[in-house]
């Protein structure tokens, strides 16, 4: 079953690699320093772009990790849900309640208020 | 009543913190020490005390007032009464703490002498260390930090090993608890090598506190650096309880090992007695001299104990009690001297007898007691101790006797330097207050010297048990050295 | 449900290649169609020069992008710079493989899907999520400020909307009790109980909105907002690599369209009434799926022509607060209905 | 078939290898982020082992096999929580350090 | 259906709910004091539940949840008492401290409570996964707490270091659990033990390896010697109340877990795990004490002394592993005593150091006996108790530990332990000496706090009472019954 997956990746990867290869071989190579500089609307670049990201991005990333993983917990619950729905419903609600505490905290803390 | 000898000083110490007024504090001290003394006097009639401590582990609050410890409690209480009162006058700064520590120390001492559970004994043994350390560390002289550290190191190193031995004792012997009564029959079955190892661990701790020769180095510094009132030294004298440890615990618990080790310990003790006495003759520092003198007495106590004869054991315990009185009294007198001259250097004194004949007389009396003049406190003990040693080994006994001669030398030397010769300065005569403080001590010294019988009887009952223990292995025919010992022991009882 | 029979590996490989080619072909014509539709909506003609009605335009575009100079910015991280478009296209194409296009054995005796996974739904999520790496790495490797911002924005946006996506899909799973896409289609979510139509409808709407954001289409195309950050993560890319990103975007759109159809609209099944016209018509492979996909593709284009772009903070608040909460509530409502009503 | 032909030991050996790699990474790397990634590697090695064992135990009973897989889930959540906290601490450090260079992340030494 | 006995879960749940309320409403307040008071109430409620459960458990009821995965037996409940005590002391200490040190953020108290929740779960774990979850709940909160002092290098590095090494250790624990599962197919202690001791068990090596890994993971949390390197830096870098919390509650939890695993699972693994652990214990006692000996900073000295005490506790755990019930009791007792005296010592430190925890060198303590006599007296009591000098709590703890160790046949280790505690006396006494035997060289800090005084009073009273009347408490704290429910 999972070999099929491999086949899919092989085919897709082949297409991608082929395209890159063709583009690399056929395209002209007439480089110049200006052409190879980073584009900054015509103004010469002064510093590396790899600066510190705003903290908000990290916060969002962390929130995502937490909430997404916890959303992932719902999937087994959902698949199993039909078997004992009422018990699982209560269980899920408790889980959501705990999650909600974190969510409300994050909201009140203003992490999601962008400026 | 047994318990109260421990609780009363304890409560006294607590009460001190509640009472800021100096007079009230003095009253508290007086009441605490006086009633403790009364309780100590009544100990022969007291009931043993026993309460579970941690029953599951076999720990009990077990106190036995009947043994020789009762005599020591009495002697300690006799010294503590004047000492504490004197301290309330002579210690000028942080008096309250000083007095509280003294009382705590008395509580601990009484615990040491009365404990009949080994762990409890250890608790008191260590608990007493703290006040004596703090007395030295807080109120001591210039070199107190070194002295404290030295004292701490010696004391703790020895005693922790003893803790191992105590803790190992129950599982090894299979006794149901740590009470002496349970342990005594159980240790009988221990193999000789185990006995020896445990005995060595105990002996190390006791030898530090006895102290025996190579382990005595903390003692002179301890006395030299203590508070000039001499009270702390007197208390420290009370705390030389190594001999008691040997007598009450190490010997009866490990009779075979004790018998095997006794020749070596006897030699050490004899050497200590002579060595210290000789050193004492050369001292010019008053307190150091007394320290070495005291060490010499302790050597004689050791000699008595390690002779393993009834007479020696009796004598050693009696001497222990008596020297508490005499040496303790001498240390108190040094405090009074210091209050007059502000120095301990003997060369700065001289001719005090002219301006202060009363002080001179009191000092001479106590000094005579200390060097073992017949009729005074130390003599019976010293005599019996040496006699015990003679029976074990005439050579070592003879050696130890030399210390008595040396004692005469330093005693006379000390008296001459202090009171005779040219009077360099006028000195205050003994005050009434001071005399009143010393009076009970002197009375006790006389009483101990003239009527040793009541106290000796109590000690003897205890010592009989110990000697019986020492003889037991022979009765079973277990070992050759045991057989020889039994023969000697019966001989000893004929005294 | 019975597991479907497996095809031989080589057949699978050929099918996979075929799927890739088909998707790329569809991409090519999607670009033309999009430009045409946008033109119409804006009262213009759109491309009409190359070939009849401009139908050869994509071929011209392809030739042009292949023969353009391939610029590699000097300050870039070369390996990652090449890797980014590769990841984008590979996983965009792969994601489609789990979506069934018809009943078993309906493709000349073979199955009309590349793989039939028990966790098909998770697989599609996973494969599309990895696409984010392509975009983020592109922005980072270029070492250009615009690119980096574009990359950051896209990753922040995508992860924000994945919550809505995941929770909306949860509604479907609660109903079907399986993660296998084939079985989800077979169940037919809307046929289970009319009670569930309300929460399911809400979940459908939130899912579509999240999906639009997930594929970076207007009004959520902030990663390449040309007015603010030139072209975002694409700024430093040219020639075939640029084309690959474009491909990936359109393939992602198609995957999203097919996936929504599969989850909510019965996938490859046609509506039941068509069976009364031609019996078995609703079982025809490919036809219905492609029709539904076309519907959504038109929706995407329509949105692009109609709506202005969100501001960044609006976008995040919308995702984290509104979509997240509504999707969660719809899932809870569904669960409650299943547990206590049905 | 394919799944059954690979014995459990192979998976476990692989997981042990990954675990060892992670451990070595933790011990040799100096940058906080790299150490952190190495730890994640170790966690994933444990997950791999769990899944492999769970498959191995499948013959003994579903419940036993499932418990292993559930454990993987829990460990994933644990790892996620660790990531969040770790990144949080890192971000807090950099926020106060007023550094503008991402490479300064490697300045946090053990 | 899963069996859930809500009453057994009540103590940690009380803390959890309080933490949740605190974290949601706490950020509305400017001051953290309302949250602190709320947290105290939560701890009180949890304590009441614990006492209720103790009563029930004492009456012979078997309390557990989730099919023996969560055990509310005598052992767990007594550990709960220790944990709650430590938490309460921390709360009292932090009350004024946070404002003084400018560390007032609303999340502090909820995090402390969450951490305590994790500790209780760890103590009650009857299952490796429950253990892991408890450990993580505990640790994650503490990682954050140890980095609480933002913008200060020591604290940040403490947090980072603790976090990275902690994560490393949990990776070991998790891998060990995986191996154990591979060998036995179970996560519950009962299941594992049943299979380990079953006929024809064919994976002893794998199980032993798993045991070693689990041991390594737990040994880190308990700061055993080769894994102790984080302890001094973290203890020094973290704000003092957090240090107290770590050295007390985290330690209690780690030892609760270690004890249960050691008394149930490990004996079935053969001799290798106890031998390794014995080596660790020996190393810990030696290294902890010797390192503490050379420290000039009191906080750092206490950090190393915490390592040393871990060694003594480990000795008791070893004894418990040999089936000596006295070992388990010694662990609880020692932890209780340690909680009181160490938290007390650190509470004193909060009052005599700068707001940013500097100035904890020995020189700074010089003359404290004169300048702040009561504080100095309390510190002296704590130090002497830590040194194991009778008649304070620490001494009884040591007696129980060594007694148990000797009974279980670890005579050599007991001797080593006693020898090292001689060393310990020196460095503890150095603090006392500095306070009393030396003249003040610096103007002392004049920080005062009623709430910290409460903590100090409780700690000092406990230290003395535990030492003087150990029998009263010993019976009450006794970890009666087997450590493994279901047998």
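The first chain written gets the first letter, and so on, giving A, B, C, D and E; residue counts start at 1 in each chain.
The criterion applied here is as follows: a residue touches a chain if its C-beta (ideal position, glycine included) is under 8 Å from a C-beta of that chain, and two chains touch if they have at least 3 such contacts.
Just so it is clear, the model here is predicted, and its values are computed rather than measured.
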Hypothetical removal of subunit A, resulting connected chain groups: B, D, E | C
| item | value |
| --- | --- |
| Touching subunit B and also subunit E, the following chains | none |
| Identity of the chain that, by mean CA position, is farthest from subunit D | B |
| Closest chain to global C-alpha mean, per-chain Cα centroids | E |
| Most distant chain from subunit A by Cα centroid | B |
| Chains most often in contact, by C-beta pairs | A-C |
| Distance from subunit D to subunit A - Cα centre to Cα centre, in angstrom | 19 |
| Centre-of-Cα separation between subunit D and subunit C, whole angstrom | 31 |
| Rounded Å distance between subunit A and subunit E, as computed from the means of their C-alpha atoms | 40 |
| Geometric centre distance via CA averages, subunit B-subunit A, whole Å | 81 |
| Multi-chain contact sites of subunit E, meaning residues that touch two or more partners | none |
| Shared-contact residues (touching 2 or more other chains) in subunit A | 2-3, 50, 53, 61, 63, 72 |
| Pairwise chain contacts, counting only pairs that touch as defined | A-C, A-D, A-E, B-E, D-E |
| Of all residues in subunit A, those that touch subunit E in their complex | 84, 87, 98, 101, 104-105, 108-109 |
| Interface residues, subunit A side, partner subunit C - complex | 1-5, 7-17, 19-20, 22-24, 26-31, 33, 35-41, 45, 48-50, 53, 57, 60-61, 63-64, 67-68, 71-72, 74-75, 78-82, 85-86, 88-89, 92-93, 96, 107, 112-115 |
| Partner subunit B, residues of subunit E touching it in the complex | 326, 329, 369, 384, 389-391, 395-396, 399-400, 402-403, 406-407, 411, 414-415, 418-419, 421-422, 425-426, 429, 432-433, 436-438, 470-471, 474-475, 478 |
| Residues of subunit E that touch subunit A when the two form their complex | 1, 20, 23-24, 27-28 |
| Parts of subunit C lying in touch with subunit A, wherever the complex brings them together | 6-7, 9, 12-13, 16-17, 19-21, 24, 65-75, 82, 85-86, 89-94, 97, 114-117, 122-123, 140, 142-148, 152, 155-156, 159-160, 162-163, 166-167, 170, 173-174, 177-179, 230, 235-236, 239-241, 243-244, 312-313, 316-317, 320-321, 324, 328, 331-332, 335-336, 338-340 |
